[in-house]
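Here's the structure we're looking at; comments come further down.
Chain nomenclature is as follows: A, B, C and D, assigned in order of appearance, with residue numbering initiated at 1 for each chain independently.
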Amino acid sequence: MHVGPVTIDYDILVAGLRGDTGFTSQEFIDAMSFSLKYLRKLMGADETYQPFIIPGGGTSAMESVASVLRRGDKVLVVSNGVFGDRWKAIFNRYSVAVDVLKANPGEYVKPEEVEKAVEEEKYSLVTMTHVETSTGVKEPIGEVTKRIRDKVDLIAVDGVSSVGAETVKAKDNQVDIYLTASQKAIGVPPGAGLLVLSERAVSRLSEESVAGYYLNLKNWVDVMRNLEEGKGSYFATLPVHLIFMLVKAFELMEREGLENRIKRHERVAKGIRAGIESMGLDIVARKPEAYSNTVTGVIVKKANPSEVLKAVVSEGLELAPGVHPALAGKYFRIGHMGWVNPNDAVTTIAVLERVLKRMGEPINLGEGVRAVQNTLA
Amino acid sequence: MHVGPVTIDYDILVAGLRGDTGFTSQEFIDAMSFSLKYLRKLMGADETYQPFIIPGGGTSAMESVASVLRRGDKVLVVSNGVFGDRWKAIFNRYSVAVDVLKANPGEYVKPEEVEKAVEEEKYSLVTMTHVETSTGVKEPIGEVTKRIRDKVDLIAVDGVSSVGAETVKAKDNQVDIYLTASQKAIGVPPGAGLLVLSERAVSRLSEESVAGYYLNLKNWVDVMRNLEEGKGSYFATLPVHLIFMLVKAFELMEREGLENRIKRHERVAKGIRAGIESMGLDIVARKPEAYSNTVTGVIVKKANPSEVLKAVVSEGLELAPGVHPALAGKYFRIGHMGWVNPNDAVTTIAVLERVLKRMGEPINLGEGVRAVQNTLA
Amino acid sequence: MHVGPVTIDYDILVAGLRGDTGFTSQEFIDAMSFSLKYLRKLMGADETYQPFIIPGGGTSAMESVASVLRRGDKVLVVSNGVFGDRWKAIFNRYSVAVDVLKANPGEYVKPEEVEKAVEEEKYSLVTMTHVETSTGVKEPIGEVTKRIRDKVDLIAVDGVSSVGAETVKAKDNQVDIYLTASQKAIGVPPGAGLLVLSERAVSRLSEESVAGYYLNLKNWVDVMRNLEEGKGSYFATLPVHLIFMLVKAFELMEREGLENRIKRHERVAKGIRAGIESMGLDIVARKPEAYSNTVTGVIVKKANPSEVLKAVVSEGLELAPGVHPALAGKYFRIGHMGWVNPNDAVTTIAVLERVLKRMGEPINLGEGVRAVQNTLA
Amino acid sequence: MHVGPVTIDYDILVAGLRGDTGFTSQEFIDAMSFSLKYLRKLMGADETYQPFIIPGGGTSAMESVASVLRRGDKVLVVSNGVFGDRWKAIFNRYSVAVDVLKANPGEYVKPEEVEKAVEEEKYSLVTMTHVETSTGVKEPIGEVTKRIRDKVDLIAVDGVSSVGAETVKAKDNQVDIYLTASQKAIGVPPGAGLLVLSERAVSRLSEESVAGYYLNLKNWVDVMRNLEEGKGSYFATLPVHLIFMLVKAFELMEREGLENRIKRHERVAKGIRAGIESMGLDIVARKPEAYSNTVTGVIVKKANPSEVLKAVVSEGLELAPGVHPALAGKYFRIGHMGWVNPNDAVTTIAVLERVLKRMGEPINLGEGVRAVQNTLA
């Protein structure tokens, strides 16, 4: 129950056991073609969007967004925590201007605040974080884009902790760039960033962009088009073995159905929150509308979060540390994405009950798991 | 017999079958610690060098060298082909000046030419390519550094097609940055760039560098130090599963012995060249001192190289296309690195004999393999 | 939570990924040597016992016991259920006389009953079943052997559902033949029977035995001795890949410690029984002293056991059908052996609570898991 | 290039990576159903034949043939070597009479000799060995059955080293029992015996047979019928994980086509024999009509065969020892079955050339591989 790499199904891992598959092999080309096509579906995009699968992960995918910026462009960063702030840290390395709208920990920047900001200033790009991994807070992407779509040039959304577990509608919400990483709700090892770009975003790729070389989408766009069409193509070496795992993950997704997959995540998340609350602990996300399907921050009262993380490992559970500086030392995170199921919700709460009780939290053993059971019945 | 990803030993691939290992787990931290330490040994570096293992591959590792450059720095690129030229393409995206010394295809830039260039101009950085993957040509790194060491600030060497198969002496040759990628002579899937930096190079990492964010080694240096010391640390998600494979590859290397490993590569390379020459074909590298242990370019006479690549696949052999523009349509490449052995040399030549004869090359069936056998006896 | 093949750790499964290991390879010989030596330890045997690892499973290991019998021998079978009765079915195929002592379902044959039987008749062999897989009932082996040891020739114990999860003392209890199968509490795929034979039992192996060929231990004894000494040896092909998995399982056992392993099984079994009882359901084994660490039979009231088995599969849980004819249609079995842990106890009861409630059992949701939690606290 | 377990394709091995699949799971039942049906096709049998897949291997499958015999039956064993003699050793353990027709090493019993024998005596069963693994000699099954079919009750053929690599026609040749093992030309790890029985053979299964329990096909026949029809069924635990590998192997066979598969084996065998002969060495099988597609015995002149076996291992090649007592110390065996391809023929001969020359054989380096190349051109 980590936030990433998440627990991975062995059927996916073994799909990468390819001893001698080069990047020019037809099997690899076919695997990329399938993955690129499926990525559109996963992102709620259509044929007008260009999919990209590039080496790296979430941060490199975010930095590749610089490919659409030119010297002097203005960017508005809508930040709900550590990974929202990361957009700013990235753009600060380039010759662009960055403004930031910042939410209190556990809250999200309100759609009307974003609207106000884009009315006061003309931005080339607005970035948002669908689910902020540091707090588990979800931004209402659709409500924001409805208000700002006509007032900004490009909109980019970091879907690292949402794609594959939350409803994602690149096209309907008119998002220009939606991105994620392989090791989160897709449930594959780390090693790739995945993006879709609208036609408008693709048209911004040019020699004049501020981007560097490896993460410059201009260098990758023809490779992606060729591979999707079944033709070998090379710019830099792609993570060949990971792509075969991605194909397997996408096949499992398709078999489950994307809607069923999202409902499964909802069910597990609901169970976990019910268990946490019935133990008398606080959730970092302050209001139900900010809850996400993928990450739950848990504020402890008496226990030391880093001691909790160590103790649960010996009970067969892996959790993630809290990383939001404003809540340092006060919380830990439960990741519930990828191949999680209701049994994981039960187990997670059962282990936490026992461990937290031992650490002095006023737990009534059995109350947490009962609450989970009630949500699952 | 591809140039990369190369054929990978299954013991290495299965080392990555880790269903639930997060980046905060002790197993992962230990794996990174071991790998970083071993990387120094592999590079012929000592404790004064800082090792890095970062997501991506060869090109991203090359781009991360921008971390030591500042606005206005002058760089000399010593290029023997496509991947030499890539250094220039990378630095052109940054505010630095780039001069290039270029060799004819199949040749390498002579040490005295490099010496002359650095005497005429003061360079912050000179880059070289140990083995040029596009042609299989090896640059005599030690001879160059002897001549230029005192006349330039920093020296960086792309060891993508050499590290693990050729003698690499970062320390003895006073190279400041030696880099490679996981999927070449190390014999692991693609997904990581590996570098060592001298103290001088590390001292250049700063807020003022021209580098971006993800590939900026300043953002990674503390993470690498912490992980080597066995402490969890995070900047961006590392390719967790790949690192476990890297550990296995390094363990196998250690069991074989680095010198034995290089001799094995030499033996296979010699066998392959003997086979090629006895078939009456030309090798792209023009002189024996330019031969490498890892890549052999083969110039065909009557056959169409891309047809050869297709035909050998149905005989169970995978080769790589020629990519040097000056030799377009005239050659293909044999990669012989990683876990290759003398039997691979025999098989490769045997398949080529049969396929090339069918395609009209004047082959005397059996002469190629006999030549291989004679080198192996 | 099946009774076998049980859920298997992937580290064990991947240990069998050996593409080209023949039965004459040193790796295989070493793997057999290690496994045979470790088998003695696992069985509580000493150097005077001869270990055997032969193809097949529990039933073939039982039949191989015919290797110590001669025409006209008398055998006493102590049967607590289906697999006790199997001893009789086997011996009936040979020219020996068989008497059976039979317990009521859920009970075991009392030590004093066995004592009485062996006082009335002279038996060459008495067979017992340590844990009867069909009911989960444990026979008190030590108490029986204490009473009968001096009155019978040979004692054989079927430890199929006990070895690796219950205290097994071949030597201390003076058992002549202790046997098990790979796919039960050892936690390896099915494919091998494992036995230890006392010197007395080995001395009975002869041309005159009633046994056939493949399962005749006389044909295997020299092979086992040679392999243990590191020498290649052949009678019939051993399950090479499985042996590498067995080595891994034994290494994991050694790392855990055999006593810790038994305690872990006890803890899980106790948790499961607490959950079952707090749901108001009956356990097949009628008294606590008959409880086993490995199998729990559960008698349902309103639900149809075969419907329960189907329903839990869709909740990610696999259980085993009841097979005792006297309880046909009344119960199902929970296997809790191999690599089970307390989280499995929680999950099993949580799924059962939800499924059984849906099927009309008078379950108070949360009571079962609370009971498990209390035993684990 | 071992005679078994042979080198196994990793796609087959990884198909066995099933962590939690019990014998009652639908996946396993489906896997058995598919495998049983495919086995008929592989054996050249039709719907009138009953397929069996039982634990063990070749020897246990041979012993299971006792299921069709009754006390006092007469059996004729047609033996071309060690595994022919094994039929006699097996039947000697049962109350049946056994006559043996024996060929000189390297030869096979002539069809007319068998005909003569069955005319002189009435036999309930005649057994033959399609390819004798100890010598690589092939018996002309069709020619024998044509002559004897009407004169004997049942005919059983050991196809251990033929099924999957030689033309097998159970139906057309009116063979009643054709058997093989998983680890030979099928190319799966050891662990299962596979048989088809004609209606006549099935009708002989009865309580009165001389067979024991585990290898008594009467105990398995309903299980096989149920599993083929998709219904769970149990007698003793089947090698669940191996069955998933078998499915994969059968799928790969189907993709290749059985005829193509046999041609591939022929091509490799021919290449190997050409290499051996051009090195001036003798083949154990004395005449071309006795050559098999799967095993070649090689008689050396100066080298010590057991030293050869050790030496080739360090060159990456695994061969098998000679086991025919009449040729003790004079030969070794090359297995060429399963997933072998022409490159294996080249490699095998190349390694042998180098190793045997070193050991004093009068080898002209390169002649062997040239001969292989000529057969492959």
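Here is the rule we go by: contacts are C-beta pairs under 8 Å (C-beta built on N, C-alpha and C of every residue); 3 or more make two chains touch, one makes a residue touch a chain.
Because the structure is predicted, anything quoted here is derived from the model rather than measured.
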Fill in: Topological distance between subunit B and subunit D, in contact steps
1
Worksheet item: Which pair wins on C-beta contacts, B-C or A-B?
Response: A-B
Discussion item. As a quick test, compute the distance in whole Å between the mean CA positions of subunit A and subunit B.
Written reply: 33
Discussion item. Distance between subunit A and subunit C based on Cα centroids, please, to the nearest Å.
Written reply: 47
Worksheet item: Approximately how many whole Å separate the CA-defined centres of subunit B and subunit C?
Response: 54
Item to complete: Quick one: which residues in subunit A touch 2 or more of the other chains?
Response: 10, 14, 17, 19
Worksheet item: Hey, which residues of subunit A end up touching subunit C in the complex?
Response: 10, 315-317, 341-343, 346-347, 350-351, 353-354, 357, 365-367, 369-374, 376-377
Discussion item. For a test of understanding, state which residues of subunit C touch subunit B in their complex under the given definition.
Written reply: 10, 14, 17, 19
Worksheet item: Touching subunit D in the complex: which residues of subunit C?
Response: 2-5, 7-10, 13-14, 16-25, 55-60, 63, 66, 89-90, 93-94, 181, 183, 189-191, 211-216, 234, 236-242, 309, 313, 318, 320-321, 323
